[in-house]
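We call the chains A, B, C, D, E and F, going by the order they appear; numbering starts again at 1 in every chain.
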């Protein structure tokens, strides 16, 4: 069984790890949303960089079989589910806690499953980007390999520069 | 070292297998070009279907580490290399026999390496689609797992229907 | 004489009815703006659903001759009037109370006529969507056939789900 | 029951009339394909002009209830059916003799019905445009109201000018 | 040596004049950003109007050699530098005080030079548009030829009408 | 009086020089069509490169006052004139021998003037690109400064590489 997980992964963090560990019965497809966005505070990393984060994290977590699909925005909620399905390997279920995702995928006949959100107050992209911007500790909120990758590409410094964009 | 391979993979065939087997020193990134095109004779399969073909073929070939990136056309050759690099994990070299790819990637400072083309008269997407359309044998021109996948999704019948589109 | 009426019709409401009844001398063309937007609180209904609302309301009001044209956004105010005219049956006058519409259509040589706004505090898409979201009575603010259609497609429930999107 | 008819209607001709007369049990939705294309030999008329042709023809044929929806191309066959459904009032069946339309709508679960093509050698947009370009008689191949409309907007002269574009 | 200056020039003002006068050693290329935007309070003037402002100002300042390039947004920061370079005559250096511009052009290997901002509290597009909207004096904040041009095309009145758009 | 000249300028050649010399009573605006296209045999040069060709040629011809505007395609003939006018300084007349340009600008109320075509059999972009591809003499068909620029950027070699694209 394959399950689709949609996120922006700015960056991939331990909330995503929690989801992965609670979905071991599925082969996961990670759909990288807003794939064309990057170099802003909301979306600092390119789709390619986010692809590498996910890839590295799966290696760290010893997940063998998974898929990663960058998905550009089309700004049409009524067609988005089909747009994504067109770019992605086929899937049986969607994993999401987002009411909009639920609405537009259930309408297309997909089953949408919720996972509980884990430590949402800190395992959240926005929180992590803000901590980076404020020079607070953030490395413990993402997988080790992701923290290393972000530093390697100067991603922390990039976020500090783009805090107003 | 990572190497980028750009193709439309309509379908993934033994010419691609030859390339993979002669590039074992690299981690390969397969960029699926014309990702938005499908359901025509020139481009019968969706990007998602082509993703699965590549994935299955890599399993069949026991390739462990590789990346697959669907890349929509932007119809701007002058910006294409950057567009692709934005969506893809980083790479060190491009593998291509195509003069246009060579020109636009070398201009961006990438090294482009040629592979010899192997049995080009039959290991070629167009030839394979034509053989399918004409009900000739084609299964021997693609990896076994790809032939199975195409039949499973009714891809051979699809090609026969779309022969004029 | 034909008159163009531009709106998003999220949903078609009694303010629009007032406009129709005060424009009986014209054949009306309803241009459905932001046609690609749907499934958000600001734009809950697809262009197709809004088309049906208008069609049903015209039947209810016994209007025989009218046109409905879904118009995608192009995000270029300087070209919008021409974009719309390209998609629409020809028209002689534009009916609008909006200063921007007035500016960009007068610049192209069209006559723009204002109608008074009727009971603007309640006959307004945003107000109606908010009342639906808050489970307040809203059916009296739209034509009977529109209220029925919205319920039939589960539009009221949809709005309640999408209140944060 | 509603039936969707997809065409470019360059121009609306007696082949379309034949289809309308053989589909009296349905409310028809005319989807005007390639809505953004105009002013070429292949697509001489704007979507708005084509909308008027259809409207006039329906009046001439005394068809009371029908819908007209201009549909821009998206150049993605895999998503086209959904794109169209998003812009159109809902429909129960698609009427088409085109193998591609059949393939992409059946895949989405729609029933696709064929009509026989009537006098295809002359009731065909391309044939009519060529006859106009060559100053041959063409008026008998379209409804009377359509011939009048084309002349009124100078459409015949336009086609003669654009014969190489 | 050529230097690229990116701005929206809504309108061209004395802050830009200051930059020009402090960059006499360069041939300047003025890249008009957000070229498709116009007829809003944020972007009242079309790219063509902004082109004329710059042209007139250069004549007023007796600058002989310069280039003007309207640049549409692509909403992809990761590809923007390349997009712009594709449309523009080649350049050796970028002049900018903007942290985002700095980040995305330095990443492509360009040198980015800062100029001090001069009287930023008043030499600023937003301030000038607000003064126009409020019927305060603004003419002294732009070159004489620009003030004349704005009045000639009714730009001041346009801004007052579009203050809420 | 300003006159608009639309071309792709692949490359700027002596046919264009002839037009310039026969239009000395106008300030010319050169609209570079298909601005996003480059690196193909049909469109080898980027908009920026074509901008430089025109600029250099005007210097060579001692033309002091002129404008250059790169114009991306929008693939909508019915809206193209407005699209171009939105990006360009205002103009009074269009100079063109092209029937389509004539049709779509006259429809918008512009005067379109023809110039005779001069030595069309050789002063033509396609002919020049073919001569370059075939290593025949071509330098005499373009202004001296344009020939120099093309060689400087390796444009002749580029054309030879892209002859099949």
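Everything that follows uses one rule, which is that a contact is a pair of C-beta atoms (placed from the backbone, for glycine too) under 8 Å apart; a residue touches a chain by one contact, two chains touch by 3 or more.
None of these values were measured; they are calculated from a predicted model.
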Starting at subunit D, how many touch steps does it take at minimum to reach subunit F? 1
A correct list of chains touching both subunit A and subunit D reads B, C
Check the residue numbers that subunit B and subunit F use where they touch, and answer same if over half are used by both copies, otherwise different. different
When the contacting C-beta pairs are counted for B-D and for B-E, which pair yields the higher total? B-D
Between subunit A and subunit C, tell me the centre distance in angstrom, where each centre is the average of that chain's C-alpha atoms. 37
Please compute the C-alpha centroid of subunit B, do the same for subunit C, then give the distance between them in whole Å. 46
When the C-alpha atoms of subunit C and subunit D are each averaged to a single point, how far apart are the two points in Å? 26
Within subunit F, the set of residues that touch 2 or more other chains is 36, 38, 46, 76, 78-79, 86
Draw the chains as points, connect those that touch, then say whether the picture is a line, ring, star, complete or other. other
Can you name every pair of chains that touch? A-B, A-C, A-D, A-E, B-D, B-E, B-F, C-D, C-E, C-F, D-F, E-F
Residues on subunit D engaged by subunit C in the complex (per definition of touch): 35-36, 38, 46-48, 51-52, 55, 67-70, 72, 85-90
Contact residues on subunit A for subunit E in the complex? 36-40, 46, 158, 161-162, 164-165
Show me the residue ranges of subunit E that touch subunit A in the complex, using the header's touch definition. 75-79, 99-100, 102-104
In the complex, the residues of subunit D that touch subunit A are 76, 78-79, 82-83, 86
